[in-house]
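Just below is one structure, and these are the notes that go with it.
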Amino acid sequence: MSLTSTDIRSGSHLRIGLSWLLRNHIWVFLALTVAVFSLASPYFLTANNIGNILTQGAFIGILAIGMTMVMIDGEIDLSVGATLALASALAIGLQTHIGIWPAVFVGLLSGAALGFLNGTLVALSGMHSFIVTLGGLIGIRGLVFVYTGENALMVPDFSYTEIPEIYLGPISMTAIIFFGLAFFFQWILSSTRHGRETYAVGDNIEAAHDAGINVKRHKIINFTLCGTLAAVCGILLSMRLGTAEPNAGRIWELWTIIAVVLGGTRLQGGFGSMWMTIGGVLTLAVLRNGLRLLNTPNYVELMVMGAVLILALVLDKLLKRQEAT
Amino acid sequence: MSQAILKVEGITKTFPGVKALDNVSFDIRPGEVHALVGENGAGKSTLMKTLAGLHRCDGGEIFYQGAPLSLSGPLDARRKGILLIHQELSLSPELSVAENIYLGAWQTNRFGMLKKRELRRNATTALEALGCGFGPDVRLGTLSVAMQQMVEIARAEAFSANVVIFDEPTASLTDSEKDQLFQTIRGLKARGVGIVYISHKMDEIFDITDRITVLRDGQVQGTVDTADTDLNQITRMMIGRTLDAYFVKAKAEFGDEVLRVEGLSKRGLFSDASFSVRQGEVLGLYGLVGAGRSELVETVFGVRRADAGRLFWKGREIDWPTPRQSIDMGMALVPESRKEQGLVLMMGGRENTSLPHLRRFSDLTVMNRAREMAVYEKYRSALSIKTTGPDQAVSQLSGGNQQKFVLAKWLCAEPGLIILDEPTRGIDVGSKSAIHELIADLAEQGLAVIVISSEMPEVLGVSHRVLAMSEGSIVAEFKGDAMTEEHLIDSVSHAREPVAAE
Amino acid sequence: MRRHGLIIAFLVFLVGVAVNASAFLTPGNIMDVLRQVSITGLMAVGVTFVVLTGRLDLSVGSLLTLLTVIVVDQHNVVGPFPAIMMTLLAGACIGAFNGVLVGFVGLNALIVTLAMLSFLQGLVLFYSGGSNVNVENAQATWFAVFGRGTFLGLPVPVVIFLLGALIAGLVLQFTSFGRKVYGVGGNETASIFSGIDARWTVFWTYVISGLATGVAAIVMGSRVMGAQNTIGQGYELTVLAGIILGGTSLLGGSGSIWRTVIGISMLGFIQNGLLLLGFPYYVQWLVTWVIIIIAVWIDLGAKRGRIFA
Amino acid sequence: QEAPDWLGGELKKPLSETRIGITVLYPGSNAYQAKYAETAESYSEELGIQATVMDPQGDPAVQFNQIQDMASQRLDALVVWPTSQNALIPAIRNASRSDIPVITSNSPIGEAGRRYVVAHTGPDDCAQAEQAAEMLGDALGGEGDIVVVEGTPGYSVSILRKNCFLDKLADEYPDVTILASQTAEWNREKAQTVMETYLTQFGDEIDGVYAFDDGMGLGVISALQGAGKEPGEVKVVTCNQFGEGWDAMKAGWHSGSNKQSPVDDAILAIQTAVKVANGIEVPEMQGIDTPKVLPENVDEFDRPTW
């Protein structure tokens, strides 16, 4: 259900259903892609593959949760890819010095700190977050290289990679964490003060400010959350790979934005939800996995992703127009 | 009279380049409606924003309930009982009504969860106290402007405010909505609330207020009891002279027909609209907010597309034009919302003025600055617009001066037909009567003029002929002696039954 | 002072590096830097038009790759002049495609051009089959003049860049099209009410961006005399960083070409200066980060007369 | 079906039912990778096996997913050209645990993961870098000042080509000094830019250049030409010669590289995979030759078609 609105002109159940669908069309899209790939590949609808999709999607998914918070605020965070690389490098690199869990904690902290820095810069300077975090995208990657000295860092003990190897049926721990976080943040959005403020700030920042919401502090919190979630993603990635690549997470920020927008959350803020983001993340994961199962060459995959994205936007546009009349 | 509830002493506020408030003192007593009037840019909104914790003043003191007041921010002001209802609505369209009423002040439990039930209940109480016809769960964006304003006013109930400030609340309300608002204000007043009322509409000022404070160039010109004063005195205090006439009607000498519209329809907005206007004629278009007048003229101008209908320009039938073609033909539309539709706020007055006529101000696409400056200067002085220079961003100007630039940009094309959508909304009396004179002038020069207004005296005062519009249909036409307030009200309030044209 | 805070900051930086690296402010090095930024500079000049309307173009990096591959490959097939024409045409067409989607269909520019980035990358791989292409008769073709020649003692890429910037600057400042670009960027609705067809204006800015990338690709192809299918990777971010550094607002309506030229040159001098000072390249990223934040902040602060928002 | 000669055993099932997954990446030098991928496809077709070739686009996490997806399709064998030495170990471990044999090709994975890999085939990046050090050291007569143009940092190829080169140089040519080392991200144009800056900075001090691959080497040569240098005035040495590099060497601009054939590389990997799929023993390590190519012996080699 869309929790952000109640339609005043609500008529029959059919109409409510239709308007729900219009606001959540990503699920239709997801069902469609799933149907297509199930028909096209016998391996697609296997428990094992579904498990893979969920795990693979979870990484972008966790980034997307933070991005959704920031985007509903009407902002954007381009630095999540670099942030996750730093967190993963710290979580692995510090293990020999301070032990596994303290290292993981420091990794998380680094994400929170960078998110805090982004948020503070946005709030204090009044610069567009696109600019601030574009700077971060470049500079934080520099920090990663300074720390790793250009090398991929490896865990001292590969049992670290078995931490997320807990399964609930075919569903991995990573996927569970993703869904857990998504539900938690959906609850934040719909039921807590901070969540409602997020909509208020993104929707009409003047009104939110005039109503006494501390817009600056609010944005700093959301950027910090976004950075922390990027770090969570980085740490899970380090557990998956057993290695911290200095180039980890390159262009993931773009995939993340694509997933969130595909879901229906608006770039200009004020509208969106975690449900939509889950839909977008899964659609993206299904598309990438399905194309791989169909053995499509690399260039086809790139072209299909581009085309689908544009298609989704056009569809969204058409549906909105439909809704308007 | 009782002790002042809020007292301002000698406050000063400077913006870069402007002294918005200069040693201002005034007070508000419980149970009174205190009017604040003044020209555009006099500093009214600034003064009120200072009281509501949105601006910090540079000097001076504020006393609230006898003690010096220091505000940490707008929420603090609201919590202490000072509520500002903004000139531009200050709400969040995606949130529900209940959430908007308590915007930023939501109660939460120990776990940071919203007390949704309590929020709803309190909001319902506040809405019922005002007699609003909608519930707390409605998404705000689906409400009309008047309803949204009621949501803002509901905050006064919700926070049990002691001081409520209305900054031009009736700018986008119809007369009946205004009456409802006034009832609400009287209700607040009866409960001992001190009310500040800012408006450019003098009839309202004399209708509802007890005292009037006049502001001019950031300074207080004086405070008078409403009962002891009259329009002329207030006008003189505001603009330093008196006005002989508030409405001027152009001489009724009509030439050829300029525009004729037949059977114009657009699903969901208006249907079967037909009218025509001649050279030298001022055609009024009256209706309640939401009647579809703006949409109708926007369609004629070409910003929107019609579903059906025919359009005749100077007797010849033409295809539906684009705005560009309309402008080139000699049509001009002064849109109702200056900030969204009228101006490029970061451009200066010069560039805004020439924006619709780039071809006229350029030679082979190269802009001719001298020609641009000459025209800019002509209309700036003709409309006496206050700026620091041709390139000062119009966003820095007061609302009234902005509105004058919107007029300038259309007048400089010397069009054959000018459509004015709420041209005097938010404009002070002095400028307002200047605009009325201008309308008369234009008509006498042979232009056809269409004026949309929700102010009945205005529409009757300036027009030769009035169309009444209701729910997307033109329901009646009045001219001559039939142009009376009673007829107009009558026609638009019987929405579905067509009133015989006289 | 307000308008020139950017230039002052830039000069301070230049002097700072020059004191520590004697080779830095030599005419030879300055020419080198200008030549190096000429490719991103040309692209940035085109993208500035798009940004001024309040939109983005992230596809230019992939487009540069595609067009460089096309110009080099076609040079071997149809000869230099037709290859150049084809490249410019292809650039304009892809720009036009973006322009239709953003301007006419009204899709979000960030996402459209992001999708295009992916799509064009695929197209490059499809076109080149993954292999590198080279100009076969590199010694014998006049095509080399764009990347390697000199004109009146100036490297031709620099001449093309500065000439492109000059033309673009004049168009923006003094023509009615330029006014439309600022109008649409400043307030689209008001511009539509003023009879400006915002859709066409936006459309043309994307065509300009595509064309400028085409010119950049010609310079690139001529400079390298070959192309690989990653050659333009990441250039979109450099271009955007340059534009932003110059202080052009991403919200549209404010900014200018000279600012872009300064911004993109600043990036070039930062990169070059740190190289000369012997820092590892990733320090350059850190410095770029800090400089973007500080420069844009100061610029913004000067415009609003206050440092903090 | 008749087993091919090279198989050295019986076919367990027809080649047409043998399914092999290949995920290849060689960051930057796409010409080599393209030829590799092309050969892999054409050779698989020739054999009549079902092969899937994928490109992880330089991202180990993507390659990780690819390995996972291929494992879930229960392929007979996987050929992995790792983007990262260690990041793929868990994925390879999981594949091997679900009894899908994995062969690494071209660059090896880290020590910790070797036991999950049935075999490794391909050239030795480290040996190539050492060859480059030797060729450059010899060309300079054992002493001089050089600059280095690196590939995109952080990838295993870059790391090997850097560290092995530096170690060799330090050991055997102590009088060769490194003036500066910078990345050009496997990009020819950026290599040119980096070299131009070096020339400004050090001028005639530069006696030699080491570029991690031939593409960047060509950028370096363009810069030298632009600076008015004569062929051979500055010695340029690279790894892994391309067609154009071969031309440049003949023209005297290029002082040393090594021949590494993507064709041999791909064929060896696929043959090994087919063997493994049929349960035939294979050596743990099979190399392909990477002979030094020097101006003296350049005519003995065909011009590379990649």
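Lettered A, B, C and D in written order, each chain numbered from 1.
Here is the rule we use: a residue touches a chain if its C-beta (ideal position, glycine included) is under 8 Å from a C-beta of that chain, and two chains touch if they have at least 3 such contacts.
Model, not experiment: these values are computed from the prediction.
Trainee: Just to be sure I understand the contacts, which chains border both subunit D and subunit A?
Mentor: C
Trainee: Work out the mean Cα position per chain and let me know which chain is farthest from subunit C.
Mentor: Chain centre farthest from subunit C's centre: B.
Trainee: Can you compute the centre-to-centre distance for subunit C and subunit D, using the mean CA position of each chain? Integer Å is fine.
Mentor: About 33 Å, centre to centre.
Trainee: I'd like to verify one number: the distance from the centre of subunit B to the centre of subunit C, where each centre is the average of its C-alpha atoms, in whole angstrom.
Mentor: Distance between chain centres, rounded to whole Å: 44 Å.
Trainee: Report the inter-chain centroid distance for subunit B and subunit D in whole angstrom, where each centroid is the mean of the CA atoms.
Mentor: 71
Trainee: Provide the list of subunit B residues touching at least two other chains, using ranges where the numbers run on.
Mentor: In subunit B, nothing touches at least two other chains.
Trainee: If you look at subunit A, which of its residues touch at least two other chains?
Mentor: In subunit A, 145, 150, 297-298 touch at least two other chains.
Trainee: Multi-chain contacts only, two chains or more: what residues does subunit D have there?
Mentor: Subunit D, residues with two or more chain partners: 153.
Trainee: How do the chains pair up in terms of touching? List each pair.
Mentor: In this structure, the chains touch in these pairs: A-B, A-C, A-D, B-C, C-D.
Trainee: Would you tell me which residues of subunit A are touching subunit B in their complex?
Mentor: Residues of subunit A touching subunit B: 4-9, 191-194, 196-197, 199-200, 203-204, 206-214, 270-271, 325.
Trainee: Contact residues on subunit B for subunit A in the complex?
Mentor: Against subunit A, the touching part of subunit B is residues 53-54, 73-78, 84, 86, 88-96, 99, 103-106, 108, 112-114, 116, 134, 137-139, 141-143, 267-268.
Trainee: Considering only the defined contacts, which subunit A positions touch subunit C in the complex?
Mentor: 121, 123-128, 130-132, 134-143, 145-146, 150, 216, 254, 257-258, 261, 267, 297-307, 309-310, 313-314, 317
Trainee: What does subunit B use to touch subunit C in their complex?
Mentor: Listed in rising order, the residues are 16, 303, 322-324, 326-328, 333, 335, 340-347, 351, 354-356, 358-359, 361-362, 365-367, 409.
Trainee: Going by the contact rule set out above, which residues of subunit D touch subunit C in the complex?
Mentor: 28, 30-31, 33-35, 37-38, 153, 180, 182-183, 185-189, 192-194, 196-197, 200-201, 215, 218-219, 222, 226, 242-244, 306
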